[in-house]
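You will see chain A twice below: alongside chain B first, and alongside chain C after that.
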Partner chain A sequence: MSERSERVQRRAQTGLPALAIALLVVTMVTGIGLAMADGAISGADREPGERRVAVSLAAGLIAPESPLTERANVLDANRLARFDETRLRTAFPVANETAVAVELDGRSVAATGETDRGTTIRRLVVVEEQTAETLEPALGWQRRVTLPRRGYRANLTLSPPPSTNITAVRANSRVALHDDDGLSGQYEIPLSRFETTTVRFSASGPLPPGSVRIEYDAIRTRKATLAVSADG
Partner chain B sequence: MDNRAVTPVVEKTLTIGIVALFLAGMTTTLFGGAVPAARDATGSSIGDRTLALATERVEQAIPPNASHVRARHRVGLPSTIRGTGYTVRVDGRSLVLDHPRAAIGGRSRLVLPDSVIGVNGSWQSGSEAVVAVRSVAGGLTVELREGVA
Partner chain C sequence: MDRAQLPVSLLEAALGVVLILAVVLGVAVGVPAPDTREPQLEAYAEDAATILANEPPEHQNATRLAEIVASEQSFQRERGALRARTDEILPDNVMFRVETPHGDVGFPVPGNVATGEATITTSRGAVTIRVWFV
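After this line comes the complex of A and B, so read on.
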């Protein structure tokens, strides 16, 4: 074989490198396509399960039947303070299967696991705090006193001087207690949560300060954000 | 120099061989691994969503504190996932999605008030899925049934 014939043979196979390059390009494009499809699939994964758990748990926590609420959307501060992981697991068994965390205004209420990378659902709620306040009014000539806060009920302790008979106690012109022989001792009267109450006393003689003591429910409400997170 | 005319034939034969091998390899890779994996991934994602939707619809079907209840709600579910039918059934107080592919399926716990005393029934995909809530002595029962709402 001469040097010339060798050169001719090499020149005859020039199509092969071009083919190799073409195949390489096709492979690369396919690979990139697959990677993009993978990215699109994983990017579209929105964890519907944990989102569903967070939404349901938030709805369950603020429902009227919830162990936390006084009525729909109103949380009771005392029950909220007693609420913990065990109570959460008992009332909502879904917390056993998914790590959830309940926070009120950023302060943790109960948690069953780490939820840093989870889904969080926020709900606006009212937190109601009931405290008992005592009032020992100096009754004026009208013998009435207006309770500074609205509440569900009031406890009256009546200890009039011996010469005086308290015959009736009215709450907003409704007769709450009545006895012609004289009222004395402890009584509980129901009140309306929707209007401010004025308590009026009818007595046969003088009522010096200290003869009437009223203990009433003071309801304080504040708005708060309940955040429920779920992960896994 | 007599065999010079053979070189184009050799080249074409080589090219045909290489392209055929390449196509075979590519087809095997795509249809043996990548494509089924992607279908499984999308199928499992759609399965999760279907299950979450079904659970949410069942929870929403329960009315707030009421004494006498008779409610029916239609639930729109996809008729197939990854080309095959599936079943949504009740297991205790959870919903379970059963699919012939192992990669697709799941289980989700229902968040129900204490007034619900029983959950039962199942849905076969493709039929009309209905949640029926009824008052019975002592609480409410929830039934997944097929048919007209």
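After this line comes the complex of A and C, so read on.
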């Protein structure tokens, strides 16, 4: 074998491992590249389904016609306390297909599954609480009393002394009750939540303390955040 | 002649690697990140507007907001209260600006941020609330 052909053979033998290494490197980089691209695309996945569920469920929960609300964005504390998973499923059937969780200020209200990895939408709401309060005013010479809080209605219990006839009850100059023969017993009068109410009594004689008792719904509100999460 | 032994296939492989990485970089950079902040801001602005618009008044008129924008004087008198109330309604990580026919309340809107916006119509003109994340 000549010196030249020996050299050619050596060259061919170094080319083979180089080709193997080249193929290995290209295959590895292709694999890593595919994984990176896949990660980037799945990271940009907006999960439109669960986002839509969270957005529309949150909007439905605070809408005026929702089982929770008194009016738009105002939740009723009593209905909120009674709300649970069953009522959520009944009122919003989408909760059957997707795991959703409703939280108010971090406290769970109702949940139909785990939503740790899901999408969360927060809405601002006001929680309205109605408490019955009783007032037994000592009426002055003007015979009027201003209710300290606004409410939807008031219950009056009138028990005037025998010599006195209560002929009229006015709420802010609007005549709420009227009877020339004398009012006595229990009456309910509607109030406006937009203004403070002053109740005025017209009577033919003295009205000592205890002859009028007013029971009214005091409205108390507090602000809260309603968080709705959906997963799946 | 020994220099000719440099394996050409390794050179080709290096070129191939550069090509593949370029394509991958294009995919990784070109795909936008999902924008989840704007719908939440829109929801915050809408909620704040609804709550403000439905609050009972303290003195007169139909609602608190109508009372505030009723006149220049009432707006000047109530602007501090409006600012405090809006601040109270919105979460702590959100800043706001309320634009009324008589003037603006809140922080100046910075450029280059995503904002949510809601408008309420009152009898005295439109009131716009803009919110953005700090």
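Note that the second predicted complex is superposed on the first by the 221 of 232 C-alpha atoms of A that agree within 3 Å, B and C clash if a C-alpha of one lies under 4 Å from a C-alpha of the other, contacts with A are read in each partner's own complex, and residues count from 1 in each chain.
What we mean here is this: a residue touches a chain if its C-beta (ideal position, glycine included) is under 8 Å from a C-beta of that chain, and two chains touch if they have at least 3 such contacts.
Remember, predicted model here, so these are calculated numbers, not experimental data.
A.B. asks: Quick check on the chain A-based superposition: chain B and chain C, clash or fit?
C.D. replies: fit
A.B. asks: Touching A:Arg71 in the superposition: chain B (first), chain C (second), both, neither?
C.D. replies: So A:Arg71 only meets chain C here.
A.B. asks: Just chain B (first), just chain C (second), both, or neither: which does A:Leu23 touch?
C.D. replies: After superposition on chain A, A:Leu23 lies in contact with both partners, chain B and chain C.
A.B. asks: Would you please give the vertex angle at the Cα centre of chain A, with arms pointing to the Cα centres of chain B and chain C, as a multiple of 10°?
C.D. replies: Once the structures are overlaid on A, chain A sees chain B and chain C at 60 degrees.
A.B. asks: Given the touch rule stated above, what does A:Gly15 touch, chain B (first), chain C (second), both, or neither?
C.D. replies: Both partners, chain B and chain C.
A.B. asks: For A:Ser184, decide between first (touching chain B), second (touching chain C), both and neither.
C.D. replies: After superposition on chain A, A:Ser184 lies in contact with neither partner.
A.B. asks: State whether A:Ile121 touches chain B only (first), chain C only (second), both chains, or neither.
C.D. replies: second
A.B. asks: After lining up the shared chain so the two structures overlap, which partner does A:Ile41 touch, if you call chain B first and chain C second: first, second, both or neither?
C.D. replies: Both partners, chain B and chain C.
A.B. asks: Would you sort A:Pro93 into first (chain B), second (chain C), both or neither based on which partner it touches?
C.D. replies: first
A.B. asks: Which partner does A:Ser56 contact after superposing on A: first (chain B), second (chain C), both, neither?
C.D. replies: Only chain B is touched by A:Ser56; chain C is not.
A.B. asks: Considering only C-alpha atoms, give the closest distance between chain B and chain C in the superposition, rounded to the nearest Å.
C.D. replies: Least C-alpha distance: 9 Å.
A.B. asks: Going by the contact definition given at the top, which residues of chain A touch chain B in one complex and chain C in the other?
C.D. replies: On chain A, the overlap between the chain B and chain C contacts is residues 15, 19, 23, 26, 30, 34, 37, 41, 44-46, 51, 55, 72.
A.B. asks: Which of the residues in chain A come into contact with chain B in the complex?
C.D. replies: 5, 8-9, 12-13, 15-16, 19-20, 23, 26-27, 30, 34, 37-38, 41-42, 44-49, 51-53, 55-57, 59-60, 63-65, 72, 92-94, 97-98
A.B. asks: Quick one: which bits of chain C touch chain A in the complex? Just the residue numbers, please.
C.D. replies: Residues 1, 4-5, 7-10, 12-13, 16-17, 20-21, 23-24, 27-28, 31-34, 36, 39-40, 43-44, 47-48, 50-51, 54, 56-57, 62-63, 88-91.
A.B. asks: Quick one: in the complex, what on chain B touches chain A?
C.D. replies: The contact residues of chain B facing chain A are 1, 4, 7-8, 10-11, 14-15, 18-19, 22, 26, 30, 34, 38, 41-42, 45, 48-49, 51-53, 55-56, 59, 64-65, 93, 106, 108-111, 113-115.
A.B. asks: Could you pull out which chain A residues touch chain C in their complex?
C.D. replies: Residues 7, 10-11, 14-15, 18-19, 21-23, 25-26, 29-30, 33-34, 36-37, 40-41, 43-46, 51, 55, 58, 62, 71-74, 119, 121-126, 150, 193-195, 223, 225.
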